[in-house]
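So the structure is just underneath, and the comments pick up after that.
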Amino acid sequence: MVVRAAVAGASGYAGGEVLRLLLGHPRVEVGAVTAHANAGERLGALQPHLLPLADRVLEPTSPEALAGHDVVFLALPHGQSAAVAEQLGDAALVIDCGADFRLRDAADWERFYGSPHAGTWPYGLPELPGGRAALTGARRIAVPGCYPTAVSLALFPAYAAGLVEPEAVVVAASGTSGAGKSPKPHLLGSEVMGSMTPYGVGGVHRHTPEMAQNLGAVAGQPVTVSFTPTLAPMPRGILATCSAKALPGTTAAAVREAYAKALDAEPFVHLLPEGRWPSTAAVYGSNAALLQVAYDETAGRVIAVSAIDNLTKGTAGGAVQSMNVALGLPEELGLTTIGVAP
Amino acid sequence: MVVRAAVAGASGYAGGEVLRLLLGHPRVEVGAVTAHANAGERLGALQPHLLPLADRVLEPTSPEALAGHDVVFLALPHGQSAAVAEQLGDAALVIDCGADFRLRDAADWERFYGSPHAGTWPYGLPELPGGRAALTGARRIAVPGCYPTAVSLALFPAYAAGLVEPEAVVVAASGTSGAGKSPKPHLLGSEVMGSMTPYGVGGVHRHTPEMAQNLGAVAGQPVTVSFTPTLAPMPRGILATCSAKALPGTTAAAVREAYAKALDAEPFVHLLPEGRWPSTAAVYGSNAALLQVAYDETAGRVIAVSAIDNLTKGTAGGAVQSMNVALGLPEELGLTTIGVAP
Amino acid sequence: MVVRAAVAGASGYAGGEVLRLLLGHPRVEVGAVTAHANAGERLGALQPHLLPLADRVLEPTSPEALAGHDVVFLALPHGQSAAVAEQLGDAALVIDCGADFRLRDAADWERFYGSPHAGTWPYGLPELPGGRAALTGARRIAVPGCYPTAVSLALFPAYAAGLVEPEAVVVAASGTSGAGKSPKPHLLGSEVMGSMTPYGVGGVHRHTPEMAQNLGAVAGQPVTVSFTPTLAPMPRGILATCSAKALPGTTAAAVREAYAKALDAEPFVHLLPEGRWPSTAAVYGSNAALLQVAYDETAGRVIAVSAIDNLTKGTAGGAVQSMNVALGLPEELGLTTIGVAP
Amino acid sequence: MVVRAAVAGASGYAGGEVLRLLLGHPRVEVGAVTAHANAGERLGALQPHLLPLADRVLEPTSPEALAGHDVVFLALPHGQSAAVAEQLGDAALVIDCGADFRLRDAADWERFYGSPHAGTWPYGLPELPGGRAALTGARRIAVPGCYPTAVSLALFPAYAAGLVEPEAVVVAASGTSGAGKSPKPHLLGSEVMGSMTPYGVGGVHRHTPEMAQNLGAVAGQPVTVSFTPTLAPMPRGILATCSAKALPGTTAAAVREAYAKALDAEPFVHLLPEGRWPSTAAVYGSNAALLQVAYDETAGRVIAVSAIDNLTKGTAGGAVQSMNVALGLPEELGLTTIGVAP
């Protein structure tokens, strides 16, 4: 079986990463590659690292261009996926790398995105409890946000084991590709090199309700998340430092055991041996999430740190992994846990 | 009056930054520059950015070399300052950029540093309540750690105003110069570029009790700090994201007012206008601390973020500022709030 | 005497650097700060590192705003300086950081800039033979391009001493601030970090004729320059690797002697001791140019390498240095040879 | 057929990259992984990006450990390969990533490496004229140096077509991984970020005679190379800017045609369309070499610029490509022309 896949939004970072992974997927054939403003250009001018597709010309994103594929990846600006998806019908598996169908709570959606809620699709994080079941055979998949991926993987074992209070504090650093390819002054290399800076502080970042949704589902009760994203001087990677107050009776051993148990069978999430800590460099271009956890007795908090590549496990890799699950392919197909380092 | 200053440990990053600032200080004359392993070498080979001192030869660190100066800056590895200071007598103002005399609690010292407590010197953070009084006329000054500087400045206004619970959560990113000039594999450029990684997680970093000491003194009660430091791919700078649960009745307006009031008269600490956030790039080489604060109603937390240059305000600039206070010079002399950017 | 200075184009990188230096100049008072698209905004939002000017509001660039100053710095896009300068009259010293008045040859100008030649102003590189004389008392100054500064300083001693053939080969790496603050996709942090890339290859970069003009004047005969600029993943700095075939009889000793002789009295150009090489890090924010030179006997070439900060010595520092010369102030006033490192 | 491969020197950057590629090679099984100082450690602690091998324990490098493999990759410090290779016998294909067997001229070897010449092995650059034939069936392969790979690919078409004089001028920028993993002060992240610096200037870099050897063989006459390497603030990548004086009658069209003809059939070397230039980012982790060429009529020079990943095409990828040729496997097996970007 050959899976024929189209990519809408192929000129951006998410679309480019989907293509990079699909080119290495043994069961996928890359079909249409489409774009909006860059339609008509050769891919080689926009994604010079994708040499095998250098001469491909980007088509305008349209139902016609995307028709006739087994899978359609949408890497579009927020708010544009619903209209495209509607026209695609149920024949294709549609995988949305945007936010449109991630949230279950319409009020949360409207508060954080300021537009009517388009609906909710099966959520593409197989590692969450029940995650694989929800994806098996799915025809629509909402790929998680990059930060929610890193944070949910870091904290769900603690909530699944009932070890911590339902108030998480998260500070995460992201590489600049998370902010997209649209040129803005604060994203210039001159500005970001040598600089760490926060943004969306005070609970206003759009990924916040998605984290609360995931952790609340695992905890079986509402979980609040104090989330502060920061922009780091690197092109890729997310390092998420997550903590929550330990419930009485928690011990370092219980914490470690809970994480080992929750993650032991996961092909892409790796709990590091004690004494070693995750780095974003080690997952550069890989679909792995590296995790470490500690219990600070003095402060009474469990601290979990995860490192992912925001474009791979945090976007395109998560999308391909979920596609594999949905189509009944081996979950690891076309993905790797080997990073490009140093 | 000319202040004659010696610098012990002039081949390292802290010592180099002290020299950089002293060279621009209108009342200071640079006297002896000493080192240990690098004694006998020209400064130009070790600190090529300090052109005016390029031909100076480093002397071995010794009481003789350091004698006869008005001020002696110690930029030595932890644990070496006490012995040197003892031999200097009270004639000189001795300013220790190391940790040896920062902590008041001997048990804390022994637990985190694993050696007998050498004592406590006046603490060089003039911005803390009572900070200037403690430094005026002092003959010994303990320069705060770089992280405690960033974190104490970010959170003390909240504790001074009684707005938050005595449990702070801090995640801070530091440039690599904070880890020193001693070559270690994980500090190689090949390793750190493109990488964010935590270290000293779980309450074990040595700067933790210093933060608790500062904030506890302001709060008038013990404050615990959950502190996670991370290494960021930049040579300089600290971005500290600090938060604590708001006490009942806290409002966004009250938070802002407390910070404005606490910082209004400070020459080096600058509360940014709402909507703008600190970046380490903006304080590159400057003695300024940029601050912003937000109140997250959903999570019920006050989030304060500060950016400093770890080598300037976080070490050498703080040292010179405290020297100015101790000697009765204008506090801003030889220091700037202008960064080198982009 | 207080020199009152205006800066037109204060929202860009060149204008920001001029302001940074003027704020530290003991004889200058910053007057009007103007901009085009950003007029009406506070400087703090655009140049957050210039804290003392944070509340200054940018005025629209106009003859009225710029009138009544002793010195007017123009940091405008190429082609806009002539019109502004004309309206300023001879009362003010006008210092153009742009290219408009650098070239003497109208044909060169038209070929490389595609517009009518506006004229030629005294050239702001005091280190060139006759450079200071041409600037003394000048009312108009054309600040050299950043690359021509680095390359002319590296090679003029070899041409002055008649050691090399009139065909120079230059490859230079520049930090991204040289490309300005206007957001373009290829200047995004995501694109430039981890990347070296050439541009303007094959003799088409606009700084090429300026280099040829400078070196030809020193050599007393036409000099061709094969110039390849490259963009390096750093915010500031130029490293220029320059070489030319040695004339018969040249020796390593003769080369070194020629450079030492030409540069010995220069306050800002520093020939490093043998065995040490310039780095852009060592001149970060400083007005120094670091030089080294070697003679490759096998290839028969003299290789000179210079490092400058493109925004300081390469633009704003060169402008202030030339202002000092023009006004009869000490040439080093308000400038430093101390870099911010590491 | 399964090729069983051992890697000696698996704790360094070259060895790690060999392992990264072998793990993705469909016909290779990773056998022994050995080290010297790090023997006994788990690979996960030293190469955290190679998750599938995290629990492998490094054996001491010895004939016993390396015996019984079809291929042995040597990623050892210069000078150590001969002794190891001798003990391996002819049963195994031995691929030396070091310099020991690259040079044909013993005098060159002794002059640049200061030790007796160990011999010459078939040279692992299949793209050179005759390159594939020399490798087919070989039992010993000398992997080219990273710089000579970039430079030879950039210039050999010009020499093969007889377009340029036998005096090449090369300035190349390399990422820091080219300097290895051994911690030295000048390789610290604090030192290299924000910095460009040359080294080995004046014809003394050890890769110089290797370039001259390759280009001379193509030209059919001795070629001198003026080579200046520079260290760039990025972990990986080489950008080589190479030029030579055009012979009379050369035209831009002839240059382009020569390059197109020489490279058209190459799977890994890609001549970019006119107007686009190579960047190291586009070949991050890929085995591709991107090339562009221009003819500067004014300076009379042909300028060719190439970008490679120093660890992939410049070392480990070149090694695997040559292994494929030697073993009669498809040359592209286990290699990719897709980079990880941005």
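All chains are identified by letter, namely A, B, C and D, in their written order; residue positions are counted from 1 within each chain.
The working rule: a contact is a pair of C-beta atoms (placed from the backbone, for glycine too) under 8 Å apart; a residue touches a chain by one contact, two chains touch by 3 or more.
It should be emphasised that the depicted structure is a prediction, and the values quoted were computed from it without experimental measurement.
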Q.
If I rank B-D and A-B by number of C-beta contact pairs, which comes first?
A. A-B
(Q) By mean C-alpha position, what chain is farthest away from subunit D? (A) B
Q. Could you state the distance in Å from the CA-based centre of subunit A to that of subunit B?
A. 37
Q.
Counting only Cα atoms for the centres, state how far subunit B is from subunit D in Å.
A. 45
(Q) Residues touching two or more other chains, restricted to subunit A: which are they? (A) 13, 175, 177, 181, 188, 190-191, 193-194, 233-236, 279, 281-282, 284, 342
Q. In the complex of these two chains, what residues of subunit C are touching subunit D?
A. 167, 169, 171, 173, 175, 188, 190-191, 193-199, 201-203, 208, 224-226, 228, 230, 232-237, 239, 241, 243, 245, 277-282, 284, 292, 294-301, 303, 305, 307, 342
Q. Which bits of subunit D are touching subunit B when the two form their complex?
A. 13, 175-177, 179, 181, 183-185, 187-194, 233-235
Q | Footprint of subunit C on subunit B - complex, ascending | A | 13, 16, 20, 23-24, 44-45, 47-52, 54, 177, 181, 193-194, 235-236, 270, 272-273, 276, 279, 281-286, 288, 290, 336-342
